[in-house]
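Below is one structure. I have some questions about it.
Labels for the chains are A, B and C, by order of writing; each one numbers its residues from 1.
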Amino acid sequence: MEVKSKPEVSSQPNKKQNSVERPDGRKADETRPIVAEVGIIPNADGSAKFAFGGTVAIAAVYGPKKMHPQHKQNPSKGVLRCDYSMMSFSVKDRIRPGPSRRSMEISKITEWALQPAIDLEAYPNMVVDVHINILQADASTRCAGINAAAMALAHAGIPMKDMVTSVSIGKLDKELVVDVNKAEEDWEEGEGATDIAMSFTSAGELTHMQLDGHITTEQLKEAVKLGQKAVKEIYEIQKQALKTGKKIETGGKKK
Amino acid sequence: MTEERKNKDDGQATGSPTSSKQSNDSSTREIVIPGEVIGEGDLLPGEGTEKRDGKIVAVRYGLKESDSKLIKVIPLSGVYQPRRGNIVIGKVEMLTFNGWVIDIGIGENAFLSVAEVPRYVNKNDLGEVMDLGDMAVAKIWGINARGIDLSLKSRGLGKIEEGMIVEINPSKVPRVIGKEGSMISMIKEETDCQITVGHNGFVWIKGDEIENELLAKKAIEFIARKSFVSGLTDEVKKFFEEEKK
Amino acid sequence: MITPEINKERVMKYLQEGKRFDGRKLEEFRELTIETGISKNAEGSAKVKLGNTEVYVGVKMAVGEPYPDSPDKGNLMVTAEFLPLSSDRFESGPPQFPSIELGRVTDRVLRESHFIEFEKLCIKKGEKVWTVFVDIYTINDDGNLLDAAGIGAVAALKSAKIPFYDGKEGKIDYEKESKEKLPLSKDIPLSLTAYKMGDKIIMDPTREEEDISDARVTLGIKSGVVSSMQKGLNDKINVEDLGKIFDLLEEKSKEIVLKIEKSLK
C-alpha cells in the first residue's frame, strides 16, 4: 500500500453514522461471490481452488514426503512448508517471476496460519509442501490462498484438528466491511482504508492477523468479531466443496 | 515415536488384506472434514477421530463409519502408514554391504537384509540378486526406531522381473482387495493376470498379453476412482461387461 | 512417481506393436481444450489442457525503450515457470533447464514466425515501444508441456488487447478500457514436437511415454513454413527418419491449427 498522510482517527467509532457505500454495492458484512473446489490438480496429493470474486488462488499439497535437505528434518514431527507466489500477470503491473520479500513473508504467514490446525506428529523427518499460486488478484490474495491451502491439506488426507478459514476485514472511513477488494484497499475518503487480514480455526481461534492502516483498539476488537462471523459462512463453503467434491459457487450480485 | 506408532498400529490392524473390516453397507456413508463434530454421547472415538468436550470430532478427511459402539473416519487420501505384516512394493534405492535400501514411497526408507532373502547371496555381488532401480515385492516384518525392516521369506515375494506397476492412493487398497479378497479375485479372473497389491499403493500386474495387463490396470484405476461408491462390486462387474463388448 | 523400468519396457514393447497404453494411435493427440480470458488483469490469457497436462499462459504489456538495432519495433519476452504445484518432480528455487528451454523454444516460434507485428508496436521511434511479455506456468504435468505451452502462448496472444497508454503522463492507464487488439499475423504459428522412442515416432506423449523417449524434434511452423526448430535429448536421429518427422509435423500442424482456430472463435 502506498504511504499516505495519516488522517485523524475518530476515537469513538459510531456505527450509526452515515454508512459508506461500497464500490461494488455490497452490504458491509457481505463477501464477494466465492468459488471453492477440490481436486483440480491430478498430480498433487491434495489440491484446491478458492476465489473471492476477482481474487483467485490455487493450492497443491505434496506429502508427507522425505525432507530435503536433510538438515531441515525435525526428528520429532513433520514439517509444514508453504510457498505463496503470484503469477506475473495476476495484477495490472506485471510482477517479475521469482520470490520477492512480500511473497516470502506471506509464505511464512500462511505457514503460521495453518500450523495450529494440522497434526504432523506421525511424520517425523518428513515434510508437507503446500504450494499456493495466485492466478488473478483483486486484493485479499493471502486470505484466498490460506483458504485454498486449508482445503488442499484436508483433501490430501493430512491429519488436522480443524479447518482454517481466512478473511479480510476493511475499515473504509469509519465503517468496518468484510472481504476487501482492490478498490476498497485504495479507499481515500474520510479516514481512508484499513486492511486487516485474519484467519481462524473452525473452533474460532485466531491463527493469523495482519493490519495496515489506522484504527483504535476498540474498533479492532469489533473487527475481530466481524471476522469471526464472516469466516463461519466461508467455512461452510469450504466444507461443502470438500464434502461433495464439486465446484461450489455462491451467488452474490452479478456485476 | 516410531515405536509408539507400531504399538498403535498393532492394535488396529492385523495386516492381512482379507481381514479388512470395511463395511459393504455404504448407504450410511458420509464424507466428513477435519474439525467436524460427527458424533456425541457414549460412542467410542475410532481411527481418524478424537473426543473433545464430550463430542466426537473428525481429524481426517474421509468417510464416516459407525456402528452402535464405535465411530471412525476412513481416509480417502493420505500417505501410507506402514504396519507389520503388510505386503509392500518398492524400488531399490541403494546397495549396502549387507542388504538393500528400498524406497516404498514414504518418508522413511525400508531395509532388506541379506539374511531375509531365502537363497544364497554372494555378499560381494548383491546386484546380482537385485540392482539399483529394480522393484520388489516384500513384507514388513519389523518397525522400530531405525526404520522399517523387510523380508522376502514368504511365498510370492521377491524381485519383480516384468509386468507393470500401477500406483493408487494407499487409502484405496482395501477397496481394490475387497471383502475376503473378492474384488481382486474377480479382476484376476476377468483379466487372466497375476496381481499383487502392495499396501503402500503400488500394484504389480503381470499377464501373458499387454492388453490383459492394461485391462487390469484400468479396472484398478476405476475402483480407485469410485472407491466411495456403494455397490462397487456390481459397478466393477458392469465395467468388465462394457470393456468386453 | 518416477516411471519404473518395467513399465518402460512394457510401454516400449507395446509401441513396437504400434500401440499405446491409452489406446491412441502413434501420432494422435489427447483431447485439447483451450479457454481464454482466465485472468482479468492480464492483457490476454489462456488455459490449455492436453489430457491431464495443463498450462496457463498470460500476456502483459509495458512501455519501454527499443533495442538500438530495432528502434521502431516492439519487444518480446517469454518466460516459463515449472511450478512445484504442478508435479512432485519440480522444485522451488532457481529455474532449471527444462523451464528455460520451454521459454526459449516458445520465444523462438513466436518471434521467428513474425506472429506479432512488432513494427506496429512502436509508440515513438527510438524512444518508446511496447514490450510484450508472455509468461507460461505449468499447472499439471502429464507430458508434452512443450506443445501445450506453444498452443497456450498463441491463444493468449490472440486474446490480448493493448492497454491505453497515456503519452502525457507517460504511463499506462488501466482505467480506460482497451479495445485495440494486439497486431498479429492472420495465420497462427504452432510449435509441435515429435518424440522418438526406439524406432517409432509418437506425438503428444504422456509423462510415462515422455520419460522413455530418446530424442525429440520440435518445429515451429506457420502456414507450412518452418521458422524455428529444436532437436532435443541425447539420442541421434537418422536423416531418413528426420524427413519423416518433418512430413508428420507439417501434416499434424494443419490439423491442430484448425482445432485452435475453431476453439478461439
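Keep this in mind: a residue touches a chain if its C-beta (ideal position, glycine included) is under 8 Å from a C-beta of that chain, and two chains touch if they have at least 3 such contacts.
Here the structure is a predicted model, which means the values were calculated and not measured.
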Chain at maximum distance from subunit C, centres defined as averaged CA atoms: B
Pair sharing more residue contacts (C-beta pairs) when B-C is set against A-B: A-B
Intercentroid distance (Cα basis), subunit C paired with subunit A, Å: 32
For subunit B paired with subunit C, centre-to-centre distance based on mean C-alpha positions, whole Å: 40
Whole-Å separation of chain centres (CA-atom averages), subunit A against subunit B: 36
Residues within subunit A bordering two or more other chains: 65
Sites on subunit B at which at least two other chains make contact: none
Interfacial residue positions of subunit B with respect to subunit C in the complex: 91, 105, 133-135, 160-165, 167, 210, 213-214
Sites on subunit A touched by subunit C in the complex: 41-44, 47, 54, 56, 58-60, 62, 65, 83, 87-94, 97, 129, 131-133, 135-138
Contact footprint of subunit B on subunit C as seen in their complex: 1, 4-7, 9-10, 13-14, 17, 19, 21
Complex interface listing, subunit B residues touching subunit A: 1-2, 5, 30-36, 48, 50, 57, 59-62, 75-79, 81, 106-108, 171
For the subunit A and subunit B complex, residues of the former touching the latter: 45-46, 63-67, 75-78, 117, 119, 121-127, 154-163, 201-203, 238-239, 242-245
